[in-house]
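To keep things simple, chains are lettered A, B and C as they appear, and every chain counts its residues starting from 1.
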Amino acid sequence: IPRSALKVHPIARGTALAALATSAIALAPAALAQGKESGSGVQVFGLLDIGVQALKASGTDTRYFVNSDGNTSSRFGVRGTEDLGGGLKVGFWLESAVSVDDGTSGATSTNNKDSVSGGLTWGRRATVQVSGDWGELRLGRDYVPSFGNLTTSMHPFGTNGVGSSGLMFYPVPANGTTARTNVRASNSIGYFTPSGINGFYGHVMVALGEQGPGPTRKDGDLQGVRVGWRNEVFNTSAAISRTRYATGNYTQSNVGATYQWGPAKLMALWGRNEVGITSTTATMLGTQYQLGPGELRFAYTWLKAKNIASDATHIALGYVYDLSKRTALYGNIARIDNKGPAMRFNVGLAATVPGGNSGGVETGVRHSF
Amino acid sequence: IPRSALKVHPIARGTALAALATSAIALAPAALAQGKESGSGVQVFGLLDIGVQALKASGTDTRYFVNSDGNTSSRFGVRGTEDLGGGLKVGFWLESAVSVDDGTSGATSTNNKDSVSGGLTWGRRATVQVSGDWGELRLGRDYVPSFGNLTTSMHPFGTNGVGSSGLMFYPVPANGTTARTNVRASNSIGYFTPSGINGFYGHVMVALGEQGPGPTRKDGDLQGVRVGWRNEVFNTSAAISRTRYATGNYTQSNVGATYQWGPAKLMALWGRNEVGITSTTATMLGTQYQLGPGELRFAYTWLKAKNIASDATHIALGYVYDLSKRTALYGNIARIDNKGPAMRFNVGLAATVPGGNSGGVETGVRHSF
Amino acid sequence: IPRSALKVHPIARGTALAALATSAIALAPAALAQGKESGSGVQVFGLLDIGVQALKASGTDTRYFVNSDGNTSSRFGVRGTEDLGGGLKVGFWLESAVSVDDGTSGATSTNNKDSVSGGLTWGRRATVQVSGDWGELRLGRDYVPSFGNLTTSMHPFGTNGVGSSGLMFYPVPANGTTARTNVRASNSIGYFTPSGINGFYGHVMVALGEQGPGPTRKDGDLQGVRVGWRNEVFNTSAAISRTRYATGNYTQSNVGATYQWGPAKLMALWGRNEVGITSTTATMLGTQYQLGPGELRFAYTWLKAKNIASDATHIALGYVYDLSKRTALYGNIARIDNKGPAMRFNVGLAATVPGGNSGGVETGVRHSF
């Protein structure tokens, strides 16, 4: 960030035919606060991703969508950190999902069991955290340890678009258990090791469902742990999170590894989701490859299903073109094949023919603030 | 804006007996960012309008309200633009409705058919837009082209208060079709011409309902276009938007014209709403007249109904007094007369007597930030 | 605030393993705007309070919670004031509740009768206010006059945590009346006297339920008044708010007094809640005692119940340790004893045995921005 960025910036106005000429609070961009002065800052932040998508599955017509999140999950939030001195810091983070295509926000779960929606919630993250040389203690609604391996750090596409890791690495509901903790948990207490202890890192979490008395009173209680090691070219991590449900516990376990080989980051990911007596186990090989001003992405995943659904494969190719540090264009194409009689797996539109496939293509723009 | 406005401003605190003495993020007002430096800015913005209202209709008692939006629609939002260089810009806009009287937010529609409410949504607008010399491409939830002629640019009162254009120029639900696209559409792709091509301007939009398979699969799909021409004293525009619904399509078409004649802006607006086999056609003559430090507003509208409701007339008088660029006081008085046996049209309180009238008076304060 | 605080501050980033490296709007902390320059400011503000809690009641197992608001109510908001000159100011305030443990927001009531929830609402406060030498006029959703005496100004614990004044000083629903106006009212018009007229202060409010015609048409209509007097060591105030409900009116009346005696602020509070023919009357004696770098809190309350529930007592002890002006740690322990056969009163977990008790202990961190 050049120092000249510390100047006060004018408001850039969008063309809004119907908009009133109202005055507005103008916030200088991030650069303003990335100078060298010390102190405490607070941020209004976000990222919006919107594009167009065409999906076709066995037995269906092609369907078209104006869709959010083909590349990255859209969000709106407020966060900040206060320096308490002596290396101690306290911070907070409030983050909501945004569907740019229709203006809605995502759901949350108050008890790690039922979904709550209908308006803006800080369902992506709501935490207060205290940190020091000893690491970071974080309370509130946060990502579970085993989600860490499903992001773009270990999967070429992260959890977005038709190449999303979530299509094969998220759990399949079974026997009354719809797990709500494959990404985040509410009522959680988490601890992160300090960054950079000889390359090791770790994250442990306990979370409560806070159900009332009765046989389901432990529903939504979660314990999870993630340990990893990385250096400049290599990164590996293993994690497991277990959530109690009276209708069948949910266990998410995974191991990822990446290796930077010239312009290519080679990526491998193994993950299992157990829901009661069912399980799905997926293995992915892929890459993020620096190509010109952008990044080529490729992933091939095969999944073994037990007591539910059928085996399946997922192949995805994408490209992300950076217009600036804040803005990118992207395109993805992917296909899922259900190998058995089931039709469970798809890229957004389910097949209506046993063992059918599901394919999609999408392009969009991602903009962060 | 004087350059002295670029100084850092103190926090002006409201008198809050029960408020905690918390520290707070202080945002300098809009003036701060309207200096001459170039760059990219982001804004937290809004407008709040609240007042008191008395309504009386044939067969009812007078009712009193503390009410939002007598002059302008209350809103809260975040928006910004990034300059990508070479004349290319990317921007975003997230805007929610606010009911200042009770703290609720407005609804949105994910499929241009059903209403979604219950908390804050960015239902007023949620877009990412890319613009250049060639115009602007906008994706997300946005105003439909035919809404442009119902605002204060073509109607003295815009769509707010007892004089609102919406009372006569919005559609009447019929035969199961409740149109959700008379103002905005979700899942839209819009294109705006650059401003100032010999005075011509235009806006085209396609939007998707994204329904599942079946006979209603195209419900909520919209196409719209608006073309206009303006110079320093004259402005005219025609628009049409058509939305598919299995229960009867909805077409909104209108033509507006204004002429600045000394202190008076003379305004004329014609508009038709077709819902299936029904239609309502309204014609308005009115003015926004600069009078002292404020603006006098007058509008007279007559409506012809076909296969639904009855003919009606609407007469409205108002005054807006500017306390500053950001703040205004206003007062409105209006009356609607249903000409046939129906009781459909009203200023907020329906008559309970066939062919009855409905009248209202309101005063309030509008404040933007 | 030292002048050096007016410098631009860097962003302090939390450790977020899964977070994207997005740019962000950086807002300088409050200090930035507390310089001496005059002008108009707008703030994004908030407070987050989260901790752990253990509750045990007669006949129940001990239950554990990760819980918000043990010390202070969590919130997120936007507020500002514009100086119109001549001593006249206009301001606005939008404030939402936040449950830090799960990311949800609190409810509001549009008619002072029914609760509305499901996403972010500005249910804590949504107002536009105009102020001058003559006091302040405030319109919208705001605190009722009789709530003023239940805050930390008159009760050691205010309305939060296991020591909350709300446990004994809030109404008990009866005969179909669930009062929604013991804290705030929507559709309100309030007037506050200027601060510092010989130590006297006052607040009057009228609010409307805005129900439709019929026997419940006045439901939610409220009138309230609060008058008080204070000097440097003494503060006393009396208030009454009355709300109409067809199923039984609700009247909240109370008197509080505090006296600063060395390090101890001695506090006394009397309050009555009448719901139809029922009533509960509570009396509290307590203190906020400066002890080391923090504040010791103690309160003992006894309650008399009439035609509903049973008599009860509430004893609470707490400590608040300030890490900085923005951040504090706290701990509370409290117990409620139901004196008759009822089980109505509790600190968050009701007894399941007639006349049982309910106890809780909690510790947490409060952080404001």
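The criterion applied here is as follows: contacts are C-beta pairs under 8 Å (C-beta built on N, C-alpha and C of every residue); 3 or more make two chains touch, one makes a residue touch a chain.
Predicted, not measured: the structure shown is a model, and the values here were computed from it.
Chemist: How far, in degrees, do you have to turn subunit B to put its CA atoms on top of subunit C, rounded to the nearest 5?
Modeler: That pair's rotation angle lands at 120 degrees.
Chemist: Over half shared numbers or under half: where do the identical copies subunit A and subunit B land at their interface, same or different?
Modeler: Subunit A and subunit B contact each other through largely non-matching residue numbers.
Chemist: Measuring centre to centre with CA averages, how many angstrom lie between subunit A and subunit B?
Modeler: 36
Chemist: So which stretches of subunit A touch two or more other chains?
Modeler: Touching at least two other chains: 25, 27-29, 42, 44, 46, 80, 105, 117-121, 326, 369.
Chemist: Quick one: which bits of subunit B touch subunit A in the complex? Just the residue numbers, please.
Modeler: For this pair, the touching residues of subunit B are 6, 25, 27-47, 72, 78-84, 88-94, 96, 105, 108-111, 116-131, 136, 139-141, 143, 147-148, 151-153, 186-189, 192, 195, 201, 203, 207-208, 210, 213, 325-326, 368-369.
Chemist: So in the complex, which bits of subunit C are touching subunit A?
Modeler: 5, 7-18, 20, 22-29, 42, 44, 46, 48-52, 60-61, 63-67, 76, 80, 98-105, 117-121, 323-324, 326-327, 364-365, 367, 369
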